[in-house]
Structure formats: C-alpha cells, structure tokens
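Have a look at these structures, which come just after this line.
In the two assemblies presented below, subunit A is common to both, partnered first by subunit B and then by subunit C.
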Partner chain A sequence: MYGFEALTFNIHSGYLEAIVRGHRAGLLTTADYNNLCQCENLDDIKMHLSATKYGSYLQNEPSPLHTTTIVEKCTLKLVDDYKHMICQATEPMSTFLEYIRYGHMIDNVVLIVTGTLHERDVQELIEKCHPLGMFDSIATLAVAQNMRELYRLVLVDTPLAPYFSECLTSEDLDDMNIEIMRNTLYKAYLEDFYKFCQKLGGATAEIMSDLLAFEADRRAVNITINSIGTELTREDRKKLYSNFGLLYPYGHEELAICEDIDQVRGVMEKYPPYQAIFSKMSYGESQMLDKAFYEEEVRRLCLAFEQQFHYAVFFAYMRLREQEIRNLMWISECVAQNQKSRIHDSVVYMF
Partner chain B sequence: MSMVDASSWGAALVRISPYTFSAIGIAISIGVSVLGAAWGIYITGSSLIGAAIEAPRITSKNLISVIFCEAVAIYGVIVAIILQTKLESVPTSKMYDAESLRAGYAIFASGIIVGFANLVCGLCVGIIGSSCALSDAQNSTLFVKILVIEIFGSALGLFGVIVGIIMSAQATWPTK
Partner chain C sequence: MAGDEEIEIYEEGEESMEVKNEAEAKTEGGDEKVLQFLDSLDEYLTLMDSLNSKLREGWFDLASARHSMGTLRISSTLLDLKDHSASSTLQVTDQEVESLGSVPRFALSKWASKGGSGKGKDFSTDAVSEMGSPRSPQLRHRGVSEEKPSAMGETVLAADEEIKKERAKSLSVFGGLVSPKLRGAQLSFETALETLVEIANTRSSMLTAFERITKK
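After this line comes the complex of A and B, so read on.
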C-alpha cells in the first residue's frame, strides 16, 4: 500500500538500499570534475581518480594510458557494483535489476549486427560490447542474415525475445532496418518496464513512471530529429514512439509530421517541463539539445534519492554512473587531444 | 444481574471470567510491545549494516536507534510485571460482581494500551533510525538533528506506559 512501504521494505531490500546509497556518495562531485579538468595528460587523470572509488580499478594500469582503458576500467566498477547487488536481491527486486540490463543488451545486439554488416571481426566487436549487456550466445549474432534468423537462432533464448514480435520481418539487414529494429526493440522494452513498475506500485511506480516517461519522450524527440530528411515515412516514425509519457498521444501526432527542428521546438514548448529545456537553446541550434536532455535527466535522477524505501534508487544510481563514465570519457578525450577549451561543452555536473 | 437479558450477547460477555481478560491483557502488553521493538530493530539494523560498509564511522553512534527500540520492549515487560501483581483471588461468589469485572477490564485495557502504543512507537523509532543511519552516512551533521525526531517518537511509548499504569492503579478487586 502506498505510504506504508516503510514497514516491510527493509525485510528484503534494506541492506541493498543502504549499499546503493553508499555508492551514490562515491559519485564524483563538481570539485572532482574541476580537478580533472585541470589535468594536463592522462596520467594526471589517473592520479586524480586514484583518490576516488575508481582507484583500485586503475592502479595497475601500465603507464601509456588510453582513454578506452580508463572507460573500460570505470565500467568494470559499475558492473561489479551491479553484480554485487543482484546476487543479494530477492524477487521482485531481482527482476527490476534485470530490466536495467536489457537496454544494454539491445545496444550490444545492434552493435554486433551493424559491425557484421560492415565486415568487422566478431571478436573485436564483442570486446566493444557493454559488459552489462552480455549474454551467452552473443557471438552467434554474426551468423544471422535477416531478422527472422536473428530471432530464431539467438534471441529467442534471451530475455529480449518478447520484444521481437513487432519487428520480425524477412528483409535483409541494412543500416536503416537496423536502426528501426533498435528503436522498435527499445520501445517494447520501455513499455514492458513501465508496466512492470506500475505493477510494483507505491513509490517505485511513481518515481519510475516519471523517469521512464522522460526517457520515452527524449527518445521520441531524438528519433524525430534524426529522421528528418531521411526516407522514414510518418507512419513508420509514429510506430517507433512509446505508448506512454507526457507526449503520448497528442505530442506524438504533432511530432510525426515535423520536418525541421524549429517545428520540433514548437511542439515541445507546449509542455512546461520541456519548454524549460528548449528555452536554453537559441533558434536553429541543436548541438546543445543532447546536453540539455542529459542535464534534465541527471536532475530527475538525483531527485529519486530524496525518498526512501523504493527501487528507483537502483535505477537512478546505474544511470548516474553511466553519465559519470560518459563525462570521464569526454574529459579524457579532451585532455588527450589537447582541446581543454571544449571540456565544458559536454560535462554534466551532478552535485 | 438484572441489567442484561439472560440470552443476549451482553450476557455472554459478562459471563467471561475477569481473569481471562486480565491474562489476555498481560499477554498483549508484553507480546505486542516486543513485536513493535523487534520490527523497529530490524528496520533500523538492515539499513545500518548496509550503510556502515561505505561509512564505518556511523556504527557506534547509530546504535542509539537500536537502544531506543529496545526500550520499547522494556516498557512492555515492566508494565506486564506491574499488571500481574494486580491480580488477586476473589471467592467464586464474587467473581462476577461489577467490581471484579471492572478490575478485569482495567487490567485488560491497560495491557492493550501499552501493547499497541509500544507497537507503533517501535515502528516509528525504527523507520526514523533507518533514515538516520542513511543520512549520517552521507553527512554527519545530520545525525543529532534526526536523533531529536527519534526522541520525540520514543516519547509515544512513554505516554502509553503512563496511561497504562494509571489504568491499572484502579484495578481493585472486591474484598473477601
């Protein structure tokens, strides 16, 4: 019952909630980012990171560091935290934590299929996959020629199987179809996750609805902007939007017919939460949109920690870590390429 | 007894021995208080253990929350002991007199008051203790402030004990 979760939540999940809040305290603050931005080279970055929770992961790396190594080791910390939490979790929290992985699985599947299309080596692609999205038969994805084979050979045994019902076709895989497949899978995944959270009820349902709705709306805007000028028809575009969120259903009708960014802006400014985002950018500018969306997402994720006794803190923590890894990647790249003036373009500060 | 009809529910109620009511009251007083204390302790304890992994300094201070929950169980024990000293034998002829019944009901009510007041007090202190541990792990200046809330919460159990003892003071059985 909503409001009385405090009485029974701690039986199964009190310990893990306390652990995840401890991890949240270890996220990098603005002061840490300022120190990192002052670094001259990657070894300086490694030295600064050794004082944070990443220290034990980076200390054994030999001296000519690459940005990919830094990102890989930091992702390893995220994976270790996740594994520790999921092996202690009971139902329904273990299902909830599993759902967090499916997004990465979808990204990995698309990565391998695209890479195979462009004739890359499978082993090389597997090394680039996100560790949270790995599953057993992932290497077999390279063999499939079209989506039906993809489903029949590999994906029917994975948790992604139910998301495939909408995009099973016999067409051969090419770049456009793969993007459509990615977006259709992600749409089915978000709707499934949303329904699951609604079933959990209470504070989890309330906070996760907000976070997932924002995710769905953000994807809708990105799909719209990326498909302007391509041959994706309006009906196809509308089929890729999720069936929930602030923009559903009237915003989706309007977004489907947009042909340039100013029209998208016109649609989004009717919704007060998104008007604040779009008002930060002047007309005609779309590069800042990604960063504005990330900032809004981080703001909402940090707010999820204000309430106790719900599962959304786990989702929020994973997302905040991923954002932090993105920040570290950007900072490392800027430092490695000596373009420190551009560091502040894309770093999203959390607290 | 002319007040009640011989075959109504009222008659059945006044025919239950006052000692039954007293015994149930004493049982509820200790049983439900300990339920509240245990509930509160596990709510606080699980959060405290998890939070102490990243911030080991919080363990010694936050045991106060557990002690407050424990105090609730002690109230229940004290009142149960006081109540059982109020039990006296009355001769069978006087067992269903109004005064006997009053004594029985007084002990019963006292037990319920203390039991349920301590149940919710234990829950309250437990939930606040959990939040206290988590906040202290993030920011150690918050501990004392949240402790004040906890002290107010534990006062609820004390109110229950006071009223329970006042109730049981009027548990006078008829003299032989």
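After this line comes the complex of A and C, so read on.
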C-alpha cells in the first residue's frame, strides 16, 4: 500500500539504499568539473581524477592516455558498483536492477550483429561491448543471418526473448533492418519496464513512471530528428515510438509527419515540460537539443533522491553515473582536440 | 659634321630608348611573374588555413556525435571491412605549360557510382592554365552541356538525390538513424577533401610560378 513503505522497506533494501546514497555523494561536483576544464592534456585529467572515486581505476594506465581508455576505466567503476548492489539484492529489487541492464544488452546485440555484417572479428567486437550488457551466449550472435535465426539460436534463452515478438522476420540483416530491430527491441523493453514498475506500486511506480515516460518521449524526438531525410517511412517511424509517455498518442501522430526540426519544435512546444527545453534553442538549430534533454533528465534524476524507500534511487544513480562518464568523455575530447572553449557546450552539471 | 653628330646622338638616343624600353618591359614581365607567385602563395596559405579549420570542425562534430549517440555506436570497430569501391577518386593529368613542359593537375570525382558510370560531380580546377588571372574553381557536370535548361535542372536534381543516397549509404555503417552531428562531420570532411585537391593544384601553380621567376 502506497505510503507504508517505511514500515517494511528497510528489512530487505535498507542497506542497499544507504549504499546507493553513499555512492551518490561520490558523484563529481561543479568544482571538480571546473578543475577538469582547466586541464591542458589527458594526463592532467588523470591526475585530477586520481583524487576522486575513479582514482584507483586510472592510476595504472600508462601514458599517453586516450579518451576511450578514460571512458572504459570509469565505466568499470559503474559496473563494480552495480555488481555489488545486485549481489546483495533480493526480489523484487534484483529484478528491478536486472531491468537496468537490458538496455545495454540490446546495444551489445546490435553491436555484434552490425560488426559481423561488416566482417569484423567477433573477439574484437566482444571487447568493445558494454560490461553491463554481457551474457553467456553473446559470441554466438555472429552466426545468425536473419532475425529469426538470431532469436532461435541465441536470444530465446536470454531476458531479451520476450521483446522479439514484434521483430521476428526472415529478412536478411542489413543496416536499416538492424536499426529498426534496435529501436523495436528498446521500445518493447521500455514498455515492459514501465509495466513492471507499475506493478511494484508506491513511490517506485510514481517516480519511475515519470522517468521512463521522459525517456520514451526523448527517444521519440531523437528518432524523429535522426530519420528526417532518410528512407524510413512515416508508418515505420511511428511504429518505433513507445506506447506510453506524455507524447502518446497525439504527439506521436504529429511527430510521425515532421519533415524538419522546426516542425518538431512546433509539436513539442504544445507540451509545457518540453516548451522550456525548446525555448533554449533558436529556430532551425538542433545542436543544443541533446544538452537540453540531458539537463532535464539530470534534474528529474536528482529529484528522485528527495524521497526514501523506493527503488528509483538505484535507477537514478546508474543514470547519473552514465551522465558523469559522458561528461568526462566530452571534457577529454575537448582537451585532446584543443577545443577547451567548447567544453561547456555539452557538460551537464549535477550538483 | 654637326648634322652627322646630331644624327648619331639622335640614333644613340633612340637605341638607348629602345634598350630602356626593353629593360622596362623585362622588369614589368618579371614583376608580373613575382606577383603571380605571391598571389598563388597567398592562396595556398589561405587554403591551408581553411583546411585546418574544416578538419578541426569535422573532428569536433564527430566527438559531438559520439557524445550524442554513445561510444558503442560511433567507433572504428563498426567500420566495414568488406571489399567495396572508393566513393571518391582522384585523377592526375599532365598539362602542358609554355616553356616549362608538363605540370600535374588534380581533379576530384566525388561520390562516383559503383558501376563506374560516372554520375558523380567532378570538382576540378584549371589553376595552371589560368596563371595570369585570379584562379576560380570551376564545377563541371558531366553530360549536361548540350541539354536544355529545364532538363539540366532535372538532371542536377537527380544527381543531387543520387549524392544524398551515397552520403547516407556511407554513414549507414554507424546505423540507419544517425545524429545530424554525424552528417555535419561528414560534410566537413568532404569539404576538407575538396580543399586538399585545391591545395595540390595551387601548390603546383605556385611551383610553376617560382620556376618561371628563377628561369633565366
């Protein structure tokens, strides 16, 4: 019953909530980012990060550093935190934490299939996979020629199996079909996660509904913008939108027929939460849209920590870490390319 | 006699005038060659600066696309290792220049179709043949010179559509739906490639102008 979580939550999940709130305190602050923005090269960044929670992950990396190395090592910190939490979790929290991995599993499946299509070495592809999205039979993905084989040979025994019902075809895998498969799987995953959170009820349902609805809406906008000028038809585009969120269903109807960024703006400005996002950009511009969406997401994720006794804090922590890693990647790229004046184009501050 | 002396002085004056005019003409011709060399040098430096700026922009847009789409989706791991023909080709021809023999001329053919039917645009510059005038790049569209204006417009549109498809095809290694930033990066690198060819032609004309100055 909503409102009585305080009575029972701490029995099974109190320890992990304390752990995740401790991890949240370790996220980089504005002062940390200011120091990082002053760095002249990647070794300076490594030196500044040695004083943070990432220190132990980067200390043994030899110079010269590369931006991908920084991202990989910082991701290991996220993975270690996640593994510590999931090994201590009981049901239903363990299932909730598993759901957080499925997005990465989908990305890894698409990476392996795309790389195999391009005749890349499977071992090389597996090394590039996200650690949170690994599963046992992932290497077997390379033998599949179409989606039916992909499902039958490999994915039927993975948590992604239920998501394949909408994209089971015998068509050969090519770049566009793979893209449609990616988005269809992610749509099914988001809807399933949403239903699971609704079943949990209470504060988890309330906060996760908001976060997942925002994720669904953002995906709809990105799919629309990225498909402008491509061979993806309006009907196919609409099929990739999730069946929930603030934009569902009327916003989706309008987004499906948009042909340029200004039409997308016209649709989104009818919804007050997104009017604020688009008001930050001038007409015809889409460069700052990603940053505006990330800022809004971070605002909502930080608000999740204002309430206790729910699982959304775990989701929020994972997403905030991912945003932090994105920030570090961006700062490293700007420093490496000697474009420090552009650092603030995409860094999203959290606290 | 005085008259003969006057004629001699007059003839000497005429000869010295002729010599003076020849010297002046020589000097003017030499100045013109130096000016040509300095013009081509200036153009070379401007193009180098433009190339540097375009490449920086391209790499930055690529980083922006990686930030937007994720490091898994934009990485060298996804590049296609299957055999495929080049989307752009470079032709090197020799052009005859008066008193200097043959000099190389570079022409870029972008987005040529796989069948070799040559539907791509040809970006070529006639730098060497226009030494005396400010060089301006000329665009040549194959097979349109004898067509009527309305048909030419349709041909250009069809060619643009074809080029759009080729661009989308080369980006499809990163997925069917890519960020506009990745498309921006592609355009920047495309422009950089055109600039490189212009630089090669300008360098060729610069060296030719230098040889003309130093030649006795």
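In the analysis below, the second predicted complex is superposed on the first by the 351 of 351 C-alpha atoms of A that agree within 3 Å, B and C clash if a C-alpha of one lies under 4 Å from a C-alpha of the other, contacts with A are read in each partner's own complex, and residues count from 1 in each chain.
Throughout what follows, contacts are C-beta pairs under 8 Å (C-beta built on N, C-alpha and C of every residue); 3 or more make two chains touch, one makes a residue touch a chain.
Small disclaimer: the values here were computed from a predicted structure and weren't measured.
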item	value
Subunit A as common anchor, with subunit B and subunit C clashing or fitting	fit
Which superposed partner A:R21 touches (first subunit B, second subunit C, both, neither)	first
Angle at the Cα centre of subunit A, taken between the Cα centres of subunit B and subunit C once the superposition is applied, in steps of 10 degrees	160
First (subunit B), second (subunit C), both or neither touched by A:I11	first
First, second, both or neither for A:E215, with subunit B first and subunit C second	neither
Touched subunit A residues, subunit B compared with subunit C	C
First (subunit B), second (subunit C), both or neither touched by A:E296	neither
Which superposed partner A:E324 touches (first subunit B, second subunit C, both, neither)	neither
First, second, both or neither for A:D81, with subunit B first and subunit C second	neither
Least Cα gap, in Å, left between subunit B and subunit C after the two complexes are fitted on chain A	30
Footprint overlap on subunit A, where subunit B in one structure and subunit C in the other make contact	none
Footprint of subunit C on subunit A - complex, ascending	68, 71, 107-108, 111, 114-115, 118-120, 124-125, 128-130, 175-176, 178-180, 182-183, 223, 225-227, 229-232, 286-287, 290, 326, 329-330, 333-334, 337, 339, 342, 345-346
Footprint of subunit B on subunit A - complex, ascending	6-7, 10-11, 14-19, 21-23, 25-26, 308
Subunit B residues touching subunit A - in the complex, by the definition given at the top	39, 42-43, 46-51, 53-55, 123, 127, 130-131, 133-134, 137-138
Residues on subunit C engaged by subunit A in the complex (per definition of touch)	56, 59-60, 63-64, 66-68, 70-73, 75, 77-82, 164, 168, 172-173, 175-181
